[in-house]
Structure formats: structure tokens, C-alpha cells
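Here it is, the structure in full.
Chain IDs A, B, C and D follow the sequence of writing; residue 1 opens each chain.
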Amino acid sequence: MVTAFLVGLITLNVLAVILDSVEGIYRAYKPWFDTFEVFSVAVFTIEYVLRLWACTSLPAYRHPVSGRFRFALTPLALVDLFAILPSLLTWGGIDLRALRVVRLARIARIAKLGHYSKALQLMASVVRRKRHELAISLILMFVMLILASSLMYVVENEHQPEAFSSIPATMWWAVATLTTVGYGDVTPVTGIGKLLGAFIAIFGIGLFALPAGIIAAGFIEEKEDDSNTYPSHCPHCGKAIDKDRTHP
Amino acid sequence: MVTAFLVGLITLNVLAVILDSVEGIYRAYKPWFDTFEVFSVAVFTIEYVLRLWACTSLPAYRHPVSGRFRFALTPLALVDLFAILPSLLTWGGIDLRALRVVRLARIARIAKLGHYSKALQLMASVVRRKRHELAISLILMFVMLILASSLMYVVENEHQPEAFSSIPATMWWAVATLTTVGYGDVTPVTGIGKLLGAFIAIFGIGLFALPAGIIAAGFIEEKEDDSNTYPSHCPHCGKAIDKDRTHP
Amino acid sequence: MVTAFLVGLITLNVLAVILDSVEGIYRAYKPWFDTFEVFSVAVFTIEYVLRLWACTSLPAYRHPVSGRFRFALTPLALVDLFAILPSLLTWGGIDLRALRVVRLARIARIAKLGHYSKALQLMASVVRRKRHELAISLILMFVMLILASSLMYVVENEHQPEAFSSIPATMWWAVATLTTVGYGDVTPVTGIGKLLGAFIAIFGIGLFALPAGIIAAGFIEEKEDDSNTYPSHCPHCGKAIDKDRTHP
Amino acid sequence: MVTAFLVGLITLNVLAVILDSVEGIYRAYKPWFDTFEVFSVAVFTIEYVLRLWACTSLPAYRHPVSGRFRFALTPLALVDLFAILPSLLTWGGIDLRALRVVRLARIARIAKLGHYSKALQLMASVVRRKRHELAISLILMFVMLILASSLMYVVENEHQPEAFSSIPATMWWAVATLTTVGYGDVTPVTGIGKLLGAFIAIFGIGLFALPAGIIAAGFIEEKEDDSNTYPSHCPHCGKAIDKDRTHP
């Protein structure tokens, strides 16, 4: 009940920020948006205070002072705080120019779904489970990115001084190419540049497809762990089976 | 026989709608198209009536009235109805402006293949089998989409007020980037915008590749379920077969 | 030895056709190209005749006449014939306008590698092994393609009469989007069109990634079959094990 | 300690080359860059000399002269040499025009990370493990590339003489399409050209996605080899464990 209500409220908040950004809609329904904003912040503030007050019921944060303090520093608690702080501060009085950014900062409230969304929790545990693979592939991707940009910079810089003005600038082309997004706003024009670009595309995109493959694999594994779990104890003698020990 | 005829007729109908849309061809062969249309609708109407009349032979819909009624509300029955209704109504008399849309609505007849096409049925069961994974990845994709659009909107809005006029408008860029389609009709121009875009592309496309991976996995599983489940024990002597030992 | 020579000759032929198409190079080295062409055709003709003469040694084509005839109709034999016929006919005398096309038709000689290339044979057997899956996914892709094109045609036709002049024309956009190639030469401009395009991209690309996934899976399986093969007979009683029979 | 220092120094060098290429930054901090360069080359030279001096401790290169010589020809040793040689030669005196290229050649120092980076070593062993599959898919890709380019050249050459001036030139379009990068700087304009392009895209991209799939698979296998090989028999009582039976 309460959960459903909070999830709905968070979703509505995100929706509000999105519609908010459409000039017409915002001007037309300003009062409604503002009222809704006040209401949301009120609810989220109460939620935050209650969480802070109730956390002592958890053994980990039993101590009334230091426990609550440590609880306040947990990621989700910080998210909850950040979701309300900007608005509270604004009403405390900040010049208007900041307002728009503050309005948009509310999009961060989507992170509050972390309390309830199985999807976000699953994603988090997939990333944790595959952190080594992901880290390695990221390193490989950046090495590839640097090499591709440097080479293309040397080749194209003279012919397109603006588009390929420096290696960092060339990285924009390299990312667009290696991810196969390929906007086409920047492309090599020289023969050698196109040849190099072709080789980079053919041999490089495999690297940038790695994370997708790793996440998909981890994602499917994660789901499978719920179904067919492997016996943790021998069905014959009942002794424990060490999953990680290798048997050649 | 009848099946083959109906499948052929449906295919021809779809083909007709497609060619129909080519001005030249339509004007040249209008009478043929119209005759074919009348013929098709006649056949489909007869088919629909027969299905409705015969459904009582199915235990689930035995009751002459309520059974037929419940049958008429099954997805495929509704598809059959929707495939003929517009044309029938048109002849009943509707102003001509609607005609073109009606002519195109006939494309929905492709759904009638659901009666016969193993492909569509397989796809349906794959989606059913993986609905949880697909739902979760859709949630993740939309969270990613919202965050990417909001951030890019904040960064680029001032420099490209038309292209990035609002968060919903920015989503067009975000979808093109995260799916790696990358039309290039809208791209960030500021340095910070390109940096942000690069990070979104590198870290985001993995999420949007998830459904493809999930569908492919489910698709292959689905096929495997029909064939090669391998015996873990010899069917003749019942002794266990060591799966890992290789037999050259 | 002979194999290596023929593979080399075929590769050189393909290379020749490619360089051939570069105006400058062709004009500069015309005599060399022509001499090489005569030489190649001579060798390939001899090869073809020898194959036809020797085929009777194969039990399947033992009969001197009908056997040779049936052999001449095998795919690879036809490829060999098609690789020499155009050039032979040209020298027999055909007006020059056809020449350029004939010169390019020689690219088909690359198919002669089917005699030797393990890669092409592996690919062929992967396609055979997965023909059902591939056929099904092709059907799904074309259904998706037709639906996407029809819907987008209805939405964008009025605003971009040339780019989206008909459903077949709109398919160019649909293919570019669903394969994530995204040239960007044709893109929806209306709000509803962009919304529709976004949905098509998000939900459609999964289908068009299926063949890649299927081929990759079949490709890896194919390689694995060489290594860990499963016992075709029970190691205990030696009776045959039916791989396809399912044991619940 | 020393390792961390060297890794850091290499990273800083790569960073320096990248910033180096930004005109503004380079002009502003030239002295710093030059000092850092001298320092780096000094360190790398010492490192190289020490490696060469110490290599005799390895049994493989025990011999003082021939051993050191053979060691100097190992890939990593050559990388180390190439990382310092250009700068040393420049100071020996080379005209300034070469300088910029030399400065960029230093990017090759990133290869020195091969001494320390597990990521690069893992990638190398994945490529080794899957070299057959990768080689085969490369062959298939190039055959596809040649066929696609030749066909499209025949179709589009007359209508776009510059963009599709020759088969090699058309390959730029073919690579952009088959890798799904799709810059859109070159696209077919004729109806038949678009039809051909659509078929190439639909049937070709599967081939160019193979390496990504192969690398991802090999990557995951490589990681799995370290962890979780599961016992097929209970380590305590030695009885077989039925992998398929589920234990809730």
C-alpha cells in the first residue's frame, strides 16, 4: 500500500520534471506543478525522517546517535536526502537563476526507486557479479579509443583542422564509430583516413560490444540462479560441497 | 489445402496494400485492386462466420450462445473481425477522406497469419517465457533513457534551442544514440555535450542490447526444447553416462 | 601445391577485378590485366575440363555420359562453368558495351574458393544447421519491416511526400533503422513520427539482431563439435544412443 | 612499488601526448611537457637497459651475448626500444618537421602496459584461444565485403560517379553499412541501389557481428576457467551428483 503510493509518487515526480521542461506545458500549468512539488517534498521529507527515526530497529544501526548517523550515510539514505534538500534550500531562499537547474535536479528522485525496483537491484548485482570482466573490457575499450583517436588525428588533422583539431576532439568521432552509433557529423575524407577508419570499425567494434555481451550473460545467469540451483550438499552423504574448489 | 489458400490470400492482401501505396501502380490497376479487395473481404467474412459457427465443437466454447460470444472475444477472433470490419463499414458508407486510412488498416490482416505461422507463435512463446527479463530490461532502458535525456537537455538546450527544446524532444536524440541507430540529424555540439554523449553511448548501449540478447537466448532455448535433450543414463543398461568424457 | 596455386590464382583474379575498377590503374596497366585474364581463363578452362573428365572416378558419377552430365549440374561445377563462360563468349564476339559488366561478373570467381575454403564450407553448414531458426527469424523480420513501414508511411507521407512517397520507399528508412545502420538520409520530422520511430527502434532492433545471434551460436557449436563429441554409443553396454529421442 | 610507479608514468605519458595535441594547452605548458618528456625517456631508457642487463637471469636467455640479443628481439623488448628510440634520435638531431609525428609516436608507449596489464594479456589469450574462429569469420567478412562493394559499384557508379567511383571507394560505404556504423555520408540513391543496400544490410550484418560474439564467448570462457568448475562427483563419498536434479 504505502510502497505502491510512494512508487507512484516518485514516478509522477519524474513525469513532472519531464513535462516541466516543455515550455508550453510549464507556463500553462505552473501552479499545479508547484503545488505538486510542495506536496511531494513534504511526503519525501516525512518519509526521510521516519526512515531515520526507525532505522534503530535494525540491529546494524541500533545505537540511537551513531547508528542513525551511520545510517544517514548509506547510499539510499543519501539519495533520499538529495531528493529533498535542493527544494528545501530553494525555499530557504536562493536567487532564481539556479531554479531551473534545481527543478531538473529533481530527476535524481528516480534513484529513490532503488528502494523498491527489483530491476535496479538486479542490475546492481549483475554489475557487481561481473565487475572484473566489465573493468577489464573498459580498460581495453579505452586503450582502443586512445589508439584509434591518435592515429586518425595524425591522418585527418591537416585536411579537417576543425573536426579533428586534437586527439580529444577526434575521440568524438572514435566513440561514434566504435559504438557503431555513427552520427556522420564527423567522418574522414582522405583515402588513407577512410582506410584507417574502415580497419578501426572492423576490428574495434568487437571490443565495444563486450560490455553488452557481459551484461547480457550476467543478466541471464542472475535469473537462472533463482531456478535450477545446484545442490550445496551431497545428496548421498549430506556433506557440504565446496562450489569454488576445482576438481581436475 | 484450405490453409495454404488462406495463407496465400493473406500474403497477397498484404502485398496489395503495399503496392497500393505506390501512386502510379494504384492509379493504373485500381479496378483490379478493388475487385481483389471485394473478393478477399468476402472470403474472410465467410471464414469468420464459419469459425464462429464451428467453435462450439471445442469443449471450451460448447455453449451455443455464451460459448460463441466468449470465442468472439479471443484475440485471434478479434483480429479476424478487425480484418473485415473497416471494409464492410466503408461500403456501408463513410466519407471518402477516411478511405485511404481504411485501405492501410488492411495491413492488420497480416496478424491473421497468427492462425498458421509457427514463427509468430514461437515469437509469442519466447516473449512469454522471458517476460520477466524483458520487463526488467525495459524498466532499466527507460530509466537510462530518462537520465540521458535530462542530462543532455540541461547541457545542450541553450546552444540548440530547437533540437533540444525539451526533455521529450531530447529523447529522440537519446533513442537514436542508445539504440546505436545514430541518424545524426541531432547531435550535441558543445564540448561538454559531446563528452556527455560519449559516456552515454559507451555505458548506455549495453542496456539497449539486453532485449536482443534475451530474445536470442530464449529463441535458441525454445528451439532446443524440441530437439536434443541428451540422456544422462544409457536407455539400454541404465548405467550413468559421463558427459565430459570424450569418445573420439 | 596445385591447390595453393589455384587458390592464389583465384585471389589474384578477385584482386584484379577490384583494381580493374579504378580508372587510373586500369588505363595504365590494361595490357597486363588482359594478359592475366587470358591466362586465368585458360587455366580455369583446363581445370574445368579435367574435373569433368575425372569425375567418373567418383562412384556417384561413374557413368561416362549421364554421370558427367549430373556432375556438371552440381553447384560447384556450375560455378566453375560460370567463371569462364562470360569471357569465352566475349571473345566469341559480343558488342563492347557489355564488356564492363562481363569484367565485373568475374568477381563471381570468388565462389570457386568454395572448393578449398574451410570458412565458406563452415558457413554453409552453419546455415544448414540453423536453417529453421534463420527462416523463422526472417519471417519475423519481414513482418516487422512491413508493419513499421506501413505505420511510418501513414504518419510521415503528408509531411515528406518524396522521402516517404510509398510503403516500399519507406522500407528504406525502416531497414536503416531496424538494422541500426541509421544513415540519417531519411528521418521522421513530425513529433508523432519521431515517437513512432523511437518505439520501432526500441522494440524492433531485437528482431533484426536475431540472425546474428543465431549464426554466432551455430558457428560456436559447429566448432565445438570438432572437440568434445558426445558418445554415440553407451560406454557400458556399447548399444547405440539415440541423440534425438527425449528422455523425460 | 616500482611497477605502480612505471604504470603511472606510462599513463601520464599517454595523457601528455593527448593533451599535447590540444594547441592551446601545448603552447601554454610547452616547458613542462618537454621536461616531463626528458624525465620519462630517461626513466624508460634506464628501465630498458636494466631489463636487458637482467634478462640473463632467465634460463631461456642465459647466454650473455646471444641470450641478450634474442631477448632484445622479443615483442615486449622491441616495444620498450621503440618507446624511447624516436625521442633519442630526435635529440641526436632531426629536422623539426618530423617532430610532431615523433611526439605522437610516443602514444605507442601505451603498449608498454603489456608488461603489467592483465586486461591486455587476457585479450591476447582470448584472441589466441579463438584464432581459428576469428580467422574464419574474417575471411567470410572480406568475401562479403568484396561482393557487396562490387554489386553496389555496378549499380550506383553511373549515378554517383564520385562517391562510388571504384570498388575500393565503394568499400567505404560497404564497411559503414555492414558494421552498422552508417555515417550516411555515402548512400545509394537509385531504387535498385536502395533495394540492394537493404538486402546487404539485412543479410550482411550478421557476419560482421560474428567477431564480437566470438570474442565475448572466448572472454567469458577465459574468466570461467579460473573459477567455478563444479564437481561431477561428491568429493566426500565419491558418488555421482545429478547435475539436473534441483534442490530447493
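Keep in mind that, in the parts below, a residue touches a chain if its C-beta (ideal position, glycine included) is under 8 Å from a C-beta of that chain, and two chains touch if they have at least 3 such contacts.
Because the structure is predicted, anything quoted here is derived from the model rather than measured.
Novice: Using only Cα atoms to place each chain's centre, name the chain farthest from subunit C.
Specialist: A
Novice: Using the stated contact rule, I'd like to know whether A-C or C-D comes out ahead in C-beta pair count.
Specialist: By number of C-beta pairs in contact, C-D is the larger.
Novice: Taking A-D as the reference interface, which entry in A-B, A-C or B-D shares over half of its contact pairs by residue number?
Specialist: So the equivalent interface, with over half the same contact pairs, is A-B.
Novice: Where subunit B and subunit C touch, do the two copies share over half of their residue numbers, giving same, or under half, giving different?
Specialist: Mostly different residues.
Novice: Express in whole angstrom the distance between the two chain centres, defined as the mean CA positions of subunit A and subunit C.
Specialist: Taking the mean C-alpha position of each chain, the two centres sit 41 Å apart.
Novice: Where the CA atoms of subunit C average out and where those of subunit D average out, how many Å apart are those spots?
Specialist: A distance of 29 Å separates the two centres.
Novice: What residues in subunit A touch two or more of the other chains?
Specialist: Each of 176, 180-184, 209, 213-214, 217 in subunit A touches at least two other chains.
Novice: Viewed as a graph of touching chains, is the assembly arranged as a line, ring, star, complete set, or other?
Specialist: Looks like everything touches everything, fully connected.
Novice: Which residues of subunit A touch subunit D in their complex?
Specialist: 132-133, 135-137, 139-140, 143, 146-147, 149-150, 153-154, 165-168, 176-177, 180-184, 187, 194, 197-198, 201-203, 205-207, 209-210, 213-214, 217, 227-237, 239, 241-247
Novice: Which of the residues in subunit A come into contact with subunit B in the complex?
Specialist: 14, 17-19, 21-23, 101, 104, 107, 110, 113, 117-120, 122-123, 141, 171-172, 175-176, 179-185, 208-209, 211-217, 219-220, 223
Novice: In the complex, go through subunit B and note every residue touching subunit D.
Specialist: It is residues 180-184, 232, 240, 242-244 of subunit B that touch subunit D.
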